[in-house]
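After this come two complexes, each holding chain A, first together with chain B and then together with chain C.
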Partner chain A sequence: MESPQNSVARTPSNSAIVQRRSKSKSYRQSYRSCLGAASRLGLTPGLTARRLNSSRRALKSQVITEKVNPEHLAILVKAEWQLSYVTPLYQFRHTQLKSYSRQLSAFIAAEKQQGLAVEVEGSQSSFRVSFSVVQGMAETDDDAETVLIQIFSKPMFAKQDEPQRSVWSGWLTCINGNPDYLHSLPKGFTCLPLFGSSGAEVLTSLVKSWFQQTFDCCFGCLEINQTSLQWLAALWTNCHTESSLKHLKMIWTIPVVPPLQVTYTVDPQDAWELWMSVRMDQLDKSEEEEEEQARNIDIEEVTRFMQGLKSHFYRHFRLDLSAGNLQQVSTALGSAKFSGKIKISSSRYIITTLALLTECALLKMPI
Partner chain B sequence: MAATINLSDSERSSPNDQSVSSRSSNRSLRVAEKERRKNEAEDPFVLALKYFTDVEAGTPVYGNDDFERNLVLVEKVAYSKGLSPEAISVMLEFAMSLRMGSSPCVRVLKCLIPATVVPQEAVVRAVVWLGVGKIPISTQVLFIKWVLTVFDMIDTKDQLRAVYGFIFSYVTEENLCPFICHLLYLLTRKESVRVFRVRKLLELQSKLGRQPFLLHLLSLYKVFCPELVTLSIPSRMRSGFRNHISPWKSALIAVQKRNGLQVASSMSLAFTIKDKTNSRKRKHCHLEVPALRSVVNKEAQTEKCSSRKVVPLVQLHSFAQLLENMHHIELPAQMGSLLGSSLALQYLDCVQDESALLRLNFWLGYALHEEFLFCGDGGAIQNSEDALQFLNKLLSAHHFLQEGFSSSEAFLYKFLNVWDGSLLRPQILGLLSNIPVVPSSQIGRLLFEPLTQLFFTSSLFFKCGLVECLNNMLLKWLTWHSVYALEDDLDISLNSHTSINMTLSGFKDSVMELVNFVGQLASVGLQIEGCQSLLLSFVLDFYETVCDTFLKYGLPLVVMPPSGVFYPALFALDPVSVDRLAYIMHRYKVNLTSAKAQEKLTKAFHISRQTFHEFNHYVVDMVSCLWNSKMFQPGMGVQLGEELLLKSKVPQYWTSFDLIHHPAFMSYAVDFHQKCWPGKKDMDLSSIKHSKPWSWYLEYLFTQGYDGLKQFVQSNISRQLTASDGQGDTQQR
Partner chain C sequence: MDDAARRLLQRLVRRIPAQTLKTTLDKWGRLKAAQRQSMDFTQSKWALTEKLLAICEENELTLKHIAELEMIHVIENPDRSMWYALQLMDPEDDAHSVELTQFKEQFKSHLSELVRHVSIKIKKHTDEAVWIRIAWGDSFSRPNHLKPTYVVHHLQTPYVFVTGLTSKLKLLLTQALVLSTRHQAIKDASLSGRKLTAIRDLLMRQYQQVFPTKYPSPLAESNQNATNPLIDKEQAELSANRHQMACEAFGSGMLPQLQSAVYKLETKFRDHMNKTMTEREEPLKCVVKFASTSLLESLRHCASSGIASTPVTPLLSSIPLKGRNYFVITDNGPGPSSQTRQPQN
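Our next item is the complex of A and B:
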């Protein structure tokens, strides 16, 4: 019912037209063509061929511990996360987290014991849920604050006074989200497109279905595609001088019968030198903007770096890895798998890594 | 035992009874009045009721002939005609007050068959008696069962709702609990759901275990106040409450039938709670339309509409209810659920809230993307049955709303690039035809590029399907235009109704692009498929829409078909195609004439000279080919070298496509020839060309149903000239 006002707010120039709309039979504006001027669909991947950024800043080592609660950080760094993308949450309030905790724990209890009703307020469920805001993660004002969800429970055969321990954790985040996309969402929507979960699959799906029912959102698998894996490999290698990689390990699958898996481990120093040689070429090009260039990494450099690694492998084993699929990249700084599992081992690079993944998640948005 | 005897007794007496009453109704008013007065004084039934009203407390039952006689009388009336509201009040009061002890109670309750309605006061008083008297538990149960049975016949329920708390207190009675829960279920309103009641029920649940009646009541509480209680109903649980009509069933139905009332039907309640999160189906759950649920976190809305009573959509079961509550319906927790119910779809048509539609679009887009674009494991092939149903549901929603959703549009633009042209073809083409007007700057990249690839690499049937789809798309665009052009002046931009920032000229550009695109597809397609008549038929369908854009849809735009379409239709082997082409050319002429006239008047638009030129050229060609037998003349669209024509050794090749020698009409000419000159041995088709037989031949063709040809001839050829080489009189502009 509020649509006319909304339109006024967003497109002040045609207020006269808006009046007409309320008078006449009002064509439903949101079924409108997805090419409409005010529509967010200008961002739709299919229409704009939205792609991953072809150039990004190098991983910044940040002393994040000053900004972010170390306890939260410890949780984020500890586990390997299964990633999903999430469509914008409707009517999500960062101020209601306490109430959400109660609702989710009641929901889990009700689902766990089918056919038994559970009181939402003050329930003595065997699962305790805690929602909390991870302050200090957001990079820009448009980013919604990260939300951490933990589920605690007592083990089945625990002693009476044994404390509950965390059995599942997950988070929703948005780091450096595309500002155009975020601005296009009307009031009432919160965009936290990246969801990571770690713990029992059953709990993951319960949490997801509670979110779906409560905030009218959808969860889908988020794979880390070839390009992103290559990006991560390059970005991590780029940090070698600051914190040692220990190793650069890549796993490839080659589509032959029987399937062949190649584990390719590179000495960190060699990888660094290869990377620098790729970088140096680029740096020579423009000496004036050297400072700027040193920070930005281009997709071409990443491709050349990977090409270097592949041709090295080819010289030794006569096997062209381009024919295969990169499945996994791991270093001491973290590991990422094609299936959408990621582990970020160093808190110093967590923000930039999550920014890359946020970008991937936003690419998956249906509209 | 007594009851059964009485029942059979009443059945025996009933036909007699009925005839008496029907006869009495026929008598004059005077007699009736007199009888009524007499009856009032002497009617044993009235006396019996009086007995039960006045009887002293503590009167013995056993050996009491008065009591027995009066009760039998009441039972007789009850089982035959049913009891009046007053009688119900009296008898219920008598039974529940235990004035003659508890023994007659059951007998009275069993005969409480209402003739019309049950007065609410009587029920409320009886409920109060429940708490006062020492009624045996089984009788209490019977009473509640009776209330449940006649619930729909209770005249109003406001007072009953007012004593909700009182009724609720009986929940703790273990034997009564299932029936009280059912009664509460029927009486519950949002305001009756309170924390302490929820706690009480949960307490009972922990005592009694998972009982369906508790769950059903609690699930209703959840509908109203999901913030207080949550539960999930297992799929194997029976849905709804059992009904308890059995003690009264036969009598009630008999009485209601006699009184012409509808049999109370709402005794059992249907549940719509759907069980989900089946681990089996989890893999493809994105195609599942979510269940209707009410919103949990209402704090945002409560401030805004606390004054209004809000009704969750889940609570509405009929269109009438929907209309009644139209202005205070609460949207469900998941907008996608609207797609699953036809009633909700009606409501969706009126939803104006942008966020609500965006939510729906997010869900729909997500489902489509996951199923058809992100499926890594070939999921789409595995469960094409689910996908088929899903798309059909989506299509019927589109048809119902008469437009598509923006998310399905965005999905299609991507999907067309990866589609093989055969997976779920009818559905995908159906969705495609619902795409709203695409700006001409984007239409090529979004639609034409992928469609061209698909068109030229797919089968004939795909080609036909695509042309049909594009025809439907054009029809929808034109209809959309004509609806909104009627509201405004023609030259006003259309963005008052949509946020498509599109002016009339922009719209025209898009339509032109689409028409030209189909023209190109059709030209090449017809060539590839050897002018296949099925494809030609779909192409002509399309041009039947195109030729009438000005008159039918008020769009000042006329686009002629390319020669790649015109000539294959003109030289088609089947007469139907030629006839349809003639009809199309006739409509073009009517449209152009009318546009020309209007153009002079208003000067608001301009049809280019080029269009007139093309039209004239086609008409001249058509006339000289079909009528004047002047095929292959210089200046025509189809030209062949003189030598080549001579080489072919076709005699009088210039006549070979006139209405007599045209391959599509040759058989008619032969047939006509035989009918005209039955005796003639050698056939000379050219003899039809003479003035008289020629006009007979035309008449003959027109009677065969070639109306298009008839209209074409009438509008383009004046025949007062000599017929042997009749002159084509085409308009010149």
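Our next item is the complex of A and C:
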């Protein structure tokens, strides 16, 4: 939320503050308030649209190295990202990135001056911020282009001629965003609902507060819930023939005293065969839709896959994993944690994984 | 004092927490009273190291003495590394009569025969355990005191606990152990943990066990927090039953603090909902690891709360029953490396 002082810094006249503050209330748009506008009155289709998709396309292997700048791609697949959702940005312009870079640098410098920011590594020297567009990530025309933010700084005891190092990076993206929602946004809003950050917590919160003040948006933490983790487990397993999983590792915590952690690591080939057996049964049932089915993965298949794994576990240990919480799923293609941390290790599946997470972010936005 | 002794002392002072440094040095007993008093333990570790180095020079202490100090520290703080259990097998007739002096001599002479450069230190701890510190060298190099192996053996028991042992040296150590304890063989006990006392207690069954009984004793404490007497009455019997079975499987009261258990499963996938996989010939390969700050207590709670069905599966109850925390499970019963048969349910 913006504080009056910060508004003054931007808009000198007092009357403007009042206006601006009232505007901010009415402009905050959310996915659910748009799709579910009528749903508050009763059962409407709006309600069902609020759920996570129950069917989605399999992870497409995409050679996006040709579309996307390999340097940018390298940054995206390198780190583990802490995810947040962001409400639509007001008056955000992809053409203004240079100016944003300057503004955010100045903002960080100012906060540092005030002593609000806790000392971070390399805080002795100044920070340089760079905004850039990651071209070629968007899937549809409605998706706004992905924005990459990097903060560079010199190490504290660096030599004079030593180059600045990247100390923080983050991005805002929207991939395959729900077109109905995107179209319903009033003019002047840009929807980049998924925010990933990697680096010092202090810098993350500074970047967030600058965005909040500049584009009148809010951030919130985005957990990757059980269903999404299961989706990722299935989607990754589905890719095994194209690029090896190495392993399918799932971690559950069981709520007992002291807490019990169960790590269940399945051989990739066996996981894939189990997955295919679940898929095949489904394919037999609807032969006329075969074409369609071959491409789409249904939530039922995901559930049955996980159920199969859990029942195999139960048969041995007579311990019901459903009593616990799935905390983490990881394969060689990536890892995802309930706390909202994701690492996508293969650029081939980055688009489809981010599409799933975009959907999660849109759902998580407050009404 | 040579270089190796200096390095070992420097590392040791770094490792021993400042609060316990004084008591450890007192136990060591190599410092004269005046020297002890001259030490200012509020000083930095660096300053203390310098001071100690000077004192050691003055007292003409050698590497042997510094190793002794390390041993005192490790015996007092054994829970800083991973301990592995070994089990001696097939005792000779005179195995039970092996006593400390004989074991000491035998072990030293056998190991020195096998390795040319080796430094062995044996110390009997108050709880009847024999502690052995081995610094290994090879035919060309002197023993490396920075990477010692520690061995703990309770005489007249088949159990040996080791830490800091590489697989290359394992063969040499086990051979010396087998010979000096008058046994014929030794095997991996498939038990490991960071708490030496826990794995020792588990193997030697030094914890409160509960035995199956036809007439379950009334569980006084389980009924104390009754809020709704009717529901409680209905539930009490079931829950008491679960609790009893949980305690039978894992023991009651404080249990040895084991951190993890690992199962390597290579068993067939069986599920009437999934014909394709059930008909598949090959087993499903997976590894399951249970981890907790106190695994046995967590598992007991799983069983008593109903998260794990009772009676507890033999797979889980094998941890305390067999004193192991690493299992290889296959369908075909005991194979070369699998000691636990999978329950056919």
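Basically, the second predicted complex is superposed on the first by the 306 of 367 C-alpha atoms of A that agree within 3 Å, B and C clash if a C-alpha of one lies under 4 Å from a C-alpha of the other, contacts with A are read in each partner's own complex, and residues count from 1 in each chain.
Heads up, the rule we're going with is that a contact is a pair of C-beta atoms (placed from the backbone, for glycine too) under 8 Å apart; a residue touches a chain by one contact, two chains touch by 3 or more.
No experiment lies behind these values; they were computed from the predicted model shown.
K.L.:
Counting only touches as set out at the top, which of chain B and chain C does A:209 meet: first, second, both, neither?
P.N.:
first
K.L.:
Once chain A of both complexes is superposed, is A:277 in touch with chain B (first), chain C (second), both, or neither?
P.N.:
Once the two structures are laid over each other on A, A:277 reaches chain C alone.
K.L.:
Please indicate which partner A:200 is in contact with in the superposed arrangement: first for chain B, second for chain C, both, or neither.
P.N.:
In the superposition, A:200 contacts neither chain B nor chain C.
K.L.:
Just chain B (first), just chain C (second), both, or neither: which does A:88 touch?
P.N.:
After superposing on A, A:88 lies in contact with chain B but is clear of chain C.
K.L.:
Answer with first, second, both or neither: which of chain B and chain C does A:256 touch in the superposed model?
P.N.:
second
K.L.:
Once chain A of both complexes is superposed, is A:114 in touch with chain B (first), chain C (second), both, or neither?
P.N.:
first
K.L.:
Please work out whether A:99 is in contact with chain B alone, chain C alone, both, or neither, and reply first, second, both or neither.
P.N.:
A:99 sits against chain B, while chain C stays out of touch.
K.L.:
Using the touch definition from the top, say if A:364 reaches chain B (first), chain C (second), both or neither.
P.N.:
first
K.L.:
Would you sort A:186 into first (chain B), second (chain C), both or neither based on which partner it touches?
P.N.:
The first partner, chain B, only.
K.L.:
Is the number of chain A residues in contact higher for chain B or for chain C?
P.N.:
B
K.L.:
Which residues form the common part of the chain A surface touched by chain B and by chain C?
P.N.:
none
K.L.:
Help me check something: in the complex, which residues belonging to chain A touch chain C?
P.N.:
It comes out as residues 254-267, 270, 273-274, 277-278, 280-281, 304, 307-308, 311-313, 315-320, 323-324.
K.L.:
In the complex, go through chain A and note every residue touching chain B.
P.N.:
Interface residues on the chain A side: 1-3, 6-7, 11, 14, 17, 20-21, 24-39, 41, 44-47, 87-88, 90-91, 93, 96, 99, 103, 106-107, 110-111, 114-121, 185-189, 205-206, 209, 212-214, 216-218, 220-221, 223, 364, 366-367.
K.L.:
Touching residues of chain B toward chain A in the complex: what are they?
P.N.:
195, 198-199, 201-202, 205, 210, 214-215, 218-219, 222, 226-234, 237, 276-277, 282, 286, 290, 293, 295-297, 299-300, 333-336, 351-355, 357-359, 361-370, 374, 376, 401, 403-407, 409-411, 413-414, 417, 435-439, 442, 446, 484, 487, 495-501
K.L.:
For the complex, which residues does chain C have touching chain A?
P.N.:
263, 265, 267, 269-271, 273-274, 276-277, 280, 282, 284-295, 297-299, 301-302, 305, 307-309, 312-313, 315-316, 329, 342-343, 345
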